[in-house]
Amino acid sequence: MTVFKFSLKRSFSNKTNLLLLTLFPIAFIFFPEGEYWPVLPYGYQYFGIVLLFISIRLTTIILVDRAKGVVKRLAVAPISYGSYLCQNLLAFSVILVMQCAIVVYGGVLLGVELYQPHWLMLLYVSFSFTSLAIALAWISIFRSKESAFLIYMSLVTLLAILGGLLMPLQIFPEALIRIAVLFPTYWLNQGMSWIASEGPVGDFILINGVLWLYTIIFMILGSTRKIH
Amino acid sequence: MRVLSTVRFTLLRMLRNYIVLLLLLIVPIVLISLFSLILSGAVTDTGEPYLKQPAVSLVLCFQLFGGSTVMYMIHSELFTEHRARMQMLPISLTMYAFSIMLCGVVYSVMLGVILMTFTQFVLGVIWEHWLWTIYLITLMAILSSVVYLVFMLAVKVYKTAERLSEVYGIGFILLAGLFFPMPDHAFFRFMGSYGNPLTLSTIAIHEMSMNNTSKAWFAANILLAATIILFLVMMVVGRRRFMRDRV
Amino acid sequence: MKAIKEPTLYIHGWRFLQIGLLMHVWIVGDLGFRAFILILLLLILTSLRWRFRLPVWSVLLDVLLCLLLFPYTDIHYVALAIPMFELALRGKWMLSLLLVAGFSLLHALHVIDSTIDLIFWYHLHAFLFGCFSWLTIKSQQSYKREADEQRKARAELERIKMDLLEANHSAIHHAELMERYRISRQLHDHLGHDLTGALLATQAYEYVKDSEEGDKLLAEVRQRLERSTVSLREAVHNVTPTAMIGVERLDYIISSFQHKDIAFYKSGDMLLVSAYMWGLLEACLKEALTNVARHSDATKVKVDLQVTESIVRLSIHDYGSVTAGSHEGSGLRGLKLRARSIGGSLSVNRQDGFLVVCVIPIEKVGEADEATNRR
């Protein structure tokens, strides 16, 4: 599990990452509540965007490895590429799940109204895996860390707007609401609405199932080994 | 003036930076088109389309980030990669730095004007006082360049300066209450109106469109004053840094 | 962008465009989440097909998915185009055609209700594209195989050519050594023997007091010297070849070239040049003069042969105007290869007329023997 250990260390070595991974989630607990919308406090509504953001910062470690030629060396090392990828992703997912736990249970401790915190934790965990998979698929297209990150920011903004995270979905025209279903952020939004409204469990399982299907799809697309 | 001959190339280099073009032109165009699709022509009681407010905010928001090209160019030309070469040349480096700043401001204003034209002619947002808006965009662009340069000159590590400038941009957008409403505290109220360049310019444009010229000029003058003060700060910090780092 | 020229890019493009089509159908129609899940599952299979090479029976998974997730909607019917394409892509066009026919039969008999009337044509189109892709990939593979075999054969030929040139070189070298050995043995056996005898006799003459003995010794000396002179004359006469070798051949070639006015300059010790080098120089000269006769309008040709201790340099310069598109013929190419194989070079310069220069290094005697021993 060497790669796992070092992945964890590398994620925290960058100063910006350190700030991002520690202070940010805690700050998000304190964001105010909205009046009619969103159903959960603003911090929890935007936490999905933060998860997408953190996952691209973490997966750029793999991108940097590719650019520096570490992947080439790994090709002749006695470690399979699958094992390298899995250990990296395991390390990143541990970090993301920790963030989710801090945000959710920190909020519970501070008395924020979260309706069903355990289900919310589950939803966030599913979405963190999805965002990790999306980030992995994204970096397989790029060679340079900066361009990958900057263009991803625009993509995340688009995903957030179209999925209904930044504005309530009800004000969208009909066609856009249909199109929104294609984006994973829409399913996160639906999940959060379910948590606030306490509907049937089947719906929640469907939402999580779809998020996991997205995870599988993006994992398959992003798992190619590219040697530059 | 030898510096004039470099202006053309500085502009060309700025235009070649495709990622910045993507982020400062394409992304706002896409966002504002999305907003227009979402709001699809809904109007307020006074007949003004709902789209006007986000359009104004977007155009001005992206001016907050216009200084990034200036910061990058001056850093690479005068402080790192081409430093030795530039210091050997028979041109005045202060004038060259100013020319880069000027080009950066012109570039930023140009992008802003393209955005305005796009929103007016494609999406139907009517901008009433073009010259006034362009004046405010220019002020915002100059302020952004100055702030970015102050960060770069004051801080030793370039990466920290980059982070600080990002905090400046995103911070003021946050404080303007564009993501979620700020708490009702005196500090936040100040930063949400007169302490925030974004809100100052928004107020100026709004007041001018309602023909309250005095209030509009008041907001614009605060912005101008802040720009001038920070410009002087930049000169001081820059001179000190330049003297210290002379090869 | 080499990837654009690969057919597999378009096959993957078609696969993902199918999913795009399905999503569009879903957005436009009023279908529920079950159909959306079907699209996601089909997307998983498509991604797997992009990433790995799935076996043909994975098509069954597609069909199963379409069958299991009911209610059946337009998405299911359009999605059936995927297994039709995949079967045709793997060469199982009969099965694919069966699927197309089966579906259209069920559609015609109103067992299956689809709002898209033209769906039969769409399935047929998918089948046709699958067949086309299969044939394209097969022919691409056969071309690649053929090209590989050609390349192998060519590499083999090149190797044999180099081997032959080397063998030629070593054979000539060997022949030289054998001749040298024969000559040295002949000289040693006959000439050396007689001359040593004569020397001994003159030495003995100094010690003889009797004049009769002395006369006999002198006669013996004369006899021996006569015999050795005959032997030497024989050796020289027999060994000197009558055929022209070396620089004489070059002279002969030049003198029999009637077309232009040729000036031949020689310098250096011609004996330093070994036999295989003469072969190459001769070939060079012949080729250059042929070119002059055929392509050039020059009136004067200058041939310069310089032999030094380390190199031999032959240059043939014709002062004419060269035709613009004069390419290197295969003759000069072959000569370049030969020159390179013995460590020399042949170069052509077209600036001032046409100039061919051949430079060959001269092996030192000791080096040559070492090289032979090493082999």
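Note that the chains are named A, B and C in the order they appear, and that numbering of residues resets to 1 at the start of each chain.
Keep this in mind: a contact is a pair of C-beta atoms (placed from the backbone, for glycine too) under 8 Å apart; a residue touches a chain by one contact, two chains touch by 3 or more.
Not measured: the values here are computed from a predicted model.
**Student:** Any chance you could name the chains that touch subunit A and subunit B both?
**Tutor:** Chains in contact with subunit A as well as subunit B: not a single one.
**Student:** Of all the chains shown, whose C-alpha centre falls nearest the centre of every protein C-alpha atom combined?
**Tutor:** A
**Student:** Taking each chain's centre as the mean of its CA atoms, which one is most distant from subunit B?
**Tutor:** It is C whose centre lies farthest from that of subunit B.
**Student:** Quick check: how many Å separate the C-alpha centres of subunit A and subunit B?
**Tutor:** Here subunit A and subunit B have centroids separated by 31 Å.
**Student:** Report the inter-centroid distance (CA atoms only) between subunit B and subunit C in whole Å.
**Tutor:** Roughly 63 Å separates the two chain centres.
**Student:** Using CA atom averages as chain centres, what separation in Å is found between subunit A and subunit C?
**Tutor:** 56
**Student:** Can you list the subunit C residues touching subunit A in their complex?
**Tutor:** 23, 27, 33, 36-37, 40-41, 43-44, 47-48, 50-51
**Student:** Within their complex, state which residues of subunit A touch subunit B.
**Tutor:** 16, 31-32, 34, 42, 46, 146-147, 150-151, 153-154, 157-158, 161-162, 166-167, 171-173, 176
**Student:** Quick check on the complex: what are the subunit B residues that touch subunit A?
**Tutor:** 19, 22-23, 26-27, 30-31, 34, 37-40, 159, 163, 179-181, 183
**Student:** Considering only the defined contacts, which subunit A positions touch subunit C in the complex?
**Tutor:** Contacts found on subunit A: 175, 178-179, 181-182, 206, 209-210, 213-214, 216-217, 220-221, 223-224.
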